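The next part holds the structures, each set out as C-alpha cells.
Here chain A shows up in two complexes: once beside chain B, once beside chain C.
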Partner chain A sequence: MNRRTLLASAAFALGLAGAAAAQDKIKVGFVYVGPIGDGGWTYEHDKGRLAIEAQFGDAVETVYQESVPEGADAERVMTQMALSGADLIFATSFGYMDPVINVAQKFPNVKFEHATGYKRADNVSTYSARFYEGRAVQGLIAGRMTESNIIGYIGAYPIPEVIQGINAAYIHAKQVNPDVQFKIVWAYTWFDPAKEADAATALIEQGADVILQHTDSTAPQAAAERAGNVYTFGQASDMAEYAPKPRISSIIDNWSPYYIDRVQAVIDGTWESTDTWDGIGPGMVEIGEISEAVPAEVKAEAEALIAALASGEYHAFTGPLNRQDGTPWLAEGEVADDATLLGMNFYVEGLTAEVPK
Partner chain B sequence: MIRLEKRPQPSRIWTVATPVLAVALTMVAGGLMFAALGKDPVVAIRTIFWDPLFNEQFASYSRPQLLVKAGPLILIATGLSLGFRAGIWNIGAEGQYIMGALAGAGVALALYPLDAWFLFPLMVLAGALGGWAWAMIPAILKTRFRTNEILVSLLLVYVAEQVLAAMALGLMKNPEGGGFPGSRNLQHYPAAANTELIAGTGMHWGVAAAFIAVIAAYVMLTRHMLGFQIRLAGQSPRAARFAGVNPNALVLICLGLSGALAGLAGMFEVSGPAGRVNIGFNQGYGFTAIIVAFLGRLHPVGILLAGLLMALTYIGGELAQFMLGIPAAAIQAFQGMLLFFLLGVDVLSNYHIRLGRRRVA
Partner chain C sequence: MDLSAINPAVLAASLMVAATPILLAAIGELVVEKSGVLNLGVEGMMITGAICGFAIAVETGSPVLGFLAAMLGGAALSLVFGFLTQVLMSNQVATGLALTLFGLGFSALIGQGYVGIKPPAMAKPDLGPLADIPVLGRILFSHDLIVYLSLGLVVAVWVFLRFTRPGLILRAVGENHDAAHALGYHVVRIRLAAIAFGGACAGLGGAYLSLIRVPQWTEGMTAGAGWIALAIVVFASWRAGRVLLGAYLFGGVAVLQLNLQAAGVAVPVELLSASPYLVTILVLVIMSADRGRAALNAPASLGRVFHASN
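Presenting the complex of A and B:
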C-alpha cells in the first residue's frame, strides 16, 4: 500500500471524504508542552526536529505546535495534524499519553512516538532517556559543592521519572557527603518561569546553596544568579548562558539521533512499535561541560562516574539500598530492574521528605 | 480635533455593528503582524477564520470541536453574566469548575464499576452541587462579614488547584495506574462517560446544557421577576432596595447559580473530553469565560456568539500554528487584538464622534 492509499483509508476511517492531499514528502508533526524558546525540554526536542530537516532536506516536511496543554486540547491538536497528512507524530510530554492512544486508534496508518510514557500500541512507540544517570552525576557534584549541606530540588510532578532523578541525585550526593540533606519543592508544572523562580527562591531562603531542577525553564538559574553563591545545573538543555556560575554542569537530552532513525524507518517502511530507554552510553543523555567553578578533583571524580555509567560497568541504582521506611530494596551489588524504576513511587532511605500522596 | 459626545442611549445600530467592525479591524492589524513575521496575511487569516469551518480536509472534525471548546465557555459565562449584571463579581469560576469536576468524578469513582442508569444524573447533580458549594464560601463571607467576593472567589481558585492535585495524587488516583497521578479514565467507564449525543457532532451533554442555560438565562432576564431584580440591582442599587430587592439574597442566588453552572461545566468536561481528574485538568476556562461574558455584552445570545468566536480563534489559531508555522505567541497576540478592538470600538455605541472645533453657541 502506498502512502496515498494509507492516507485515504485513514480519512475513510473517520468518514471524511477528500482529506489529506496526496504528497510524496514524509510529514512529521511535533507536539510540544512548552514554547520552543523555553531553553530546556521543548528547546531540545525542537533541535531534534531541526536535525531531521537538516538530515533529510526536501524529502521531509516538519510541522509543530507549541504550548499544547496536556489533555483534551492535545487530542484535538494531534487529530488535526493527522488529518493534515502527517505520517509520523512525536508527542513530547508524559501527559499526552491517553490522547496519543485515542488518536492512534482513529488513525491506524499514522505512526506515533510518545516521549516518557508507558502505553503502546501497534502504531505507538514510546521513548525516553535515562535522565537518572545524569542526576547521579549532578548529585555527586552537588554533594561536593554544597557548604550548607542543603540541596534544593524543584520537582515538576511526583511521577516515576522525576522520583528516579531525586533518588539518584540523593544517593550519589550522600556517598560523597554523608551530612547532605535534600529539600524538595513540587511546582506541579513542566514550564512556568514564575512558579519555578518562586520555588528556587524559597529553597535558597531555606538555606539551599545548590539547586537541582526537573522543570524546563531557566528561571531557577536566574534566581540563583541573583542570590549569588548558589550553584545550579542546566536541565534538559545545556543552559550555557548561565555558565560558569551558577550553572556548573547540565543534563542535555539529545533526541536528534533517535528522531533521525525513526524518520528513516518510516521512509524505509521498517517502522514498528518499540520501547526505547537510552542513557549516557548511547548518547541520549549528555552531561554538559563541567565549568571551572568546580574544583579539578571533583570534576575528575564526576568524569569517572560518567565513564562508568556510559560503559555500563556501574548502574546508578546499585545496592545496598533501602527504601525510605528502612525496608531493604537492593542487596549488596544488586542493581535495580527497569520495571521497578519505571514505576518508582518511593524515596530511598535518608530522604526526609514524603512523596506527595 | 476629534471630540466624543456621550449618547443619551447606546446606539442600537452600533451595538450590532461594532463586533463586526472589531473582527474586521483585527483582521487588518493581525494581518500586518503576520506579514511582519514573514507569513502571507491572507492565508493566515483564512486559516484562522475559514479553515476550521469550511476547509474540506479539517472542517468535519473541527466544526464539532468548536462546540466542544465553546460549550464550557458558554455555560460558565452565562452564569457569570447574571452576577456581573447585578454588580456581583465572581472571579473564581475556575475554582468552582474544578470542584464541580471533582464532585462529579468523585461520585463515579466511588461507585465504580457500578453500571446503573442513575449514575450519570447523579454525577450531574454532584457537579452542580460541588460548584455551588465552592461559590457559597465567598457568598456567605460577603453576606455575613462583608468580605470582598472578588478576592475571596479568586483566591479560592488556588485552593481548588491544590485540592485537585491532592485528589489526583491520592484519593482519586487510578489504582491500576502504576503509581502515576491521575484518576481512571471516565471515557472508558460507559455508565459515567459523557459521550457525544449524536456521533460526529461534538454535541455532548455539556454543550446541550450550555444551550439550555442560554435560553433559560434569556427567558429569566426578559420575563422573570428575578431577572428584573438582577438588572435593577446592577443599574441602580438604591432603586433596587426601594423596589424590595434583598441584596443578600441576590448575592447568594447569583454566586450560587454561577458556581453551579461552572461546576456543571467542569463535570461535563471531566467525564467527557478530558476524561480524567489530573493535575492541570483546569485549562483556564473559568477565566476565559469572564472575557466571553463581557465580549457577549453580558447578554445570553451575545455570550453564545462570543463563546463560539473564542473557540474559533483557538482552533483556527492551532491550525495556523502548525500549518503555517506561526508562533503560539503571535496567535495569543492576535486573540488579544480581537478583545482590544471589541472593547475599544464600544466607544462608538456609547458616544458620538464629532470632528472639528466645538462651535461657540
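Presenting the complex of A and C:
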C-alpha cells in the first residue's frame, strides 16, 4: 500500500467514525451573558460545561456563545444553536426568559434549561440556586465587620433574585448589628467593570466600609482594595485572588452536579420539565473560605449559620418579619414560601431605599 | 435622602477619572474624522490598548511602559484598518466594525493569562502644597499624569487644527481629498498618520481603564466605551472643546447618578441610569442646534474612499 492509499483509507475511516459519532453524540449548547473570563457568574457556568465534557467525554459535544445580550439577540443565538442540532440548551441568565420560551415553542424536540427564571414549558426547565442563603451568611459577617455601620450593596437589576439577596443580607446584618444601614446602587448591567468600579467607589466615598455585590465582575474588589479598609465578598465565583482582604468570603455557584444530571437525563431519555432550586445543603451554593481578616468568633458564628442553613433547621427568611411599609409578612417562627420568594418585589422593614419599579 | 453624604469635590475628582478613557478615545477619533476617515473600530482599539498596556505593565512592573505599549498596540491595530481602507480601499464602515470584533477577540486571546492579576500602581505626581488647597486641590491637583495628559491633548488638538499649517492641511484632506491631492498633498500618508494617532489615543484610553480606573484585566471590559466616544465626536460637531465637554458631562452624570442612588434620592432609578446618555445628547444637540454651522463642521469627505485617479 503506498502512502496515498494509506492516507485515503485513513481519511475514510475517520469519516466513518465521525459520522457514527455524530449520530449518538448529544450536543449541548450554552448561552452566556458575559465573557467566560469575567471571573464570576459566567466563569462558573463554563466550569459546569467543562465538567460535562470531563464526565461524558466523546459522548457529548458542547458549544457555547459568550456575551449574548438579553433580548432579541439571545433568541437568534438559541435558534442558531437549535438549528445546528443542539439537543439541550442552557440559557444562563434571567433576561433570556422570554427568548427561551419563544425558541422552545419553535423547537419542541430541543430541551431548554433556563437559569433563575420562572417560566416553564414541556421542553423548558428552570433551575436556580438559593443564593439568598449565602447572602444571609454575608450579611452576618458584614454586620459584624462594619465600623461605619454603612454597608454598600451593588445590585444588577431589581429582579426577585437580587432583592432576595438584599433582604437576606439586611436581615442577618441587622440581627448582629442593630445600627446597620444599607446603601443600594443599581448598576443596570450584569457586567461592566468600569461601572461596577464606579459604583463601589461611590459607595465607599459615602462611607460604606463593607461592599456586597450582585454583579459579575471582580472590579468592585479592585476598587475596595484600592480604597484600603473596605471588605468585600466574592460573587458567583470565589474571587480568591482578592483574599484575604478585601475579599473576606464568597458565594460560589456550583452548577456542575446539576448540569451533569441533566445531560445524563437526556442521554437516558428521562429528561422532563422540572423546577430546581437548591441551596447550601445540596451544594449548589457554596460559601468560599472565610479569610483570616475575619475574627475567629465571627467566623465561628458564620459557620454555625452555614450549618443551620445546610441542614434545613433554619430558613434565611424566618419570622417575625415585616414588609418595608410595616405590614406584617411572616409571623413568629413562620418561614417564607418559595412562591413569595420567587416573586419577591419588596424590601423588608428597616431598609430605607425603594425598590425600583 | 441624604445629599450631605455626597462631597462635591470628591465627586468632581471622580468624574474626571471616569471621563478620561472616553475623552482620550474621542479626541483621537476627532482627528481621524477631521482627516476624512470614519474609523468605527474605536472599541476594538481601546480594548487592545487595555490588554497591551496591562500585559506590559505587569511583565515589566512599569505602568509608564504599559501606557506606551498600549499606544503602540492601539496604533498598530489602527494601521491594519489604515492599510485596508487607504491602500486596499475597502469600505470604512465595514472595516471599522470588523476591527472592533477583531480587537475584542484578539484582546481576549492575549488576556487569558492575565485574569485576576493586579497591575503595578501608577505613582501620582506630588504637587505638594497645591494638592492641599481646600476643594480645588482635590479637584485639580490630585490626579494621575494621564488625566493631565488627556487635558493637554485636547488643547493641543484644538491648537493644531485651528492655528497650525499641518492642521489646515489635515482639515483640507478631510474636506476635499481630490483638491488636496491636486495641491500636491499626500492624502493617504496624512490619513494614515491621523489613523495611527487615533489608534494610539484609543489605546491609551483603554489602558487607563485597565491600569488605573478599574484596575484589572477582564474580557470585554471597555463595555461600549468606544461607541460612546464615537457618538460624542458627532454630537460635539467635531470640535475639541465640545468633545471635552461631552466626555466630562457623560462621565460626570454617570458618576453623579451612582452617588445619588447611594444617597437614596427619590428619583426613579431607571431614569438616573439612563441620565448620562440623555443629558449628554440633549446638551450637545442643543449646542449644535444651529444646523447650518454644525453641518459646516462635518468633514465633507468623511467616510469616502480616495483614489488618486478619480
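Just so it is clear, the second predicted complex is superposed on the first by the 335 of 357 C-alpha atoms of A that agree within 3 Å, B and C clash if a C-alpha of one lies under 4 Å from a C-alpha of the other, contacts with A are read in each partner's own complex, and residues count from 1 in each chain.
Just so we're on the same page, a residue touches a chain if its C-beta (ideal position, glycine included) is under 8 Å from a C-beta of that chain, and two chains touch if they have at least 3 such contacts.
In this text the structure is predicted, and so the values were computed from the model without any measurement.
Q: Following superposition onto chain A, is the placement of chain B relative to chain C best described as a clash or a fit?
A: On the superposed model, which is not a single observed complex, chain B and chain C clash.
Q: Between chain B (first) and chain C (second), which, if any, makes contact with A:Ile306: first, second, both or neither?
A: neither
Q: For A:Gly207, using the defined touch cut-off, is the partner it touches chain B, chain C, both, or neither? Pick first, second, both or neither.
A: second
Q: Tell me which partner A:Ala72 touches in the superposition: chain B (first), chain C (second), both or neither.
A: A:Ala72: touches chain B, not chain C.
Q: Should A:Pro356 be classified as contacting the first partner (chain B), the second (chain C), both, or neither?
A: both
Q: For A:Gly343 in the superposed arrangement: first (chain B), second (chain C), both or neither?
A: After superposing on A, A:Gly343 lies in contact with chain B but is clear of chain C.
Q: Once the structures are superposed on A, label A:Pro160 by its partner contacts, choosing first (chain B), second (chain C), both or neither.
A: first
Q: Is A:Thr189 touching anything from chain B or chain C once the two structures are fitted on A? First, second, both or neither.
A: In the superposition, A:Thr189 touches chain B and chain C alike.
Q: Is A:Asp38 in contact with chain B, with chain C, with both, or with neither (first, second, both, neither)?
A: Second partner only, chain C.
Q: Considering only touches as defined above, state whether A:Met284 meets chain B (first), chain C (second), both or neither.
A: neither
Q: Can you check which stretch of chain B gets into chain C in the overlay, out of 134-142, 206-214 or 314-322?
A: For chain B, the listed stretch overlapping chain C after superposition is 134-142.
Q: Where on chain A do chain B and chain C both make contact?
A: Overlap of chain B and chain C footprints on chain A: residues 35, 67, 158, 188-189, 356-357.
Q: Residues of chain A touching chain B in their complex?
A: Within the complex, chain A contacts chain B at residues 14-21, 29, 35, 63-67, 69-73, 75-77, 79-81, 83-84, 95, 98, 102, 118, 157-160, 188-189, 342-345, 356-357.
Q: For the complex, which residues does chain B have touching chain A?
A: 56-58, 60-62, 65, 68-69, 161, 165-166, 169-170, 178-181, 185, 187, 200, 269, 273-276, 278-281, 283, 315, 318-319, 321-323, 325, 327-329
Q: In the complex formed with chain C, which residues of chain A make contact?
A: Residues of chain A touching chain C: 34-39, 67, 152, 158, 183-186, 188-189, 191-195, 197-199, 201-203, 205-208, 217-219, 222-223, 225-226, 241, 352-354, 356-357.
Q: Considering only the defined contacts, which chain C positions touch chain A in the complex?
A: Residues in contact with chain A: 5-7, 10-11, 14, 18, 21, 108, 111-112, 115-118, 209, 213-216, 218-225, 254-255, 258-259, 261-264, 266, 268-270, 273.
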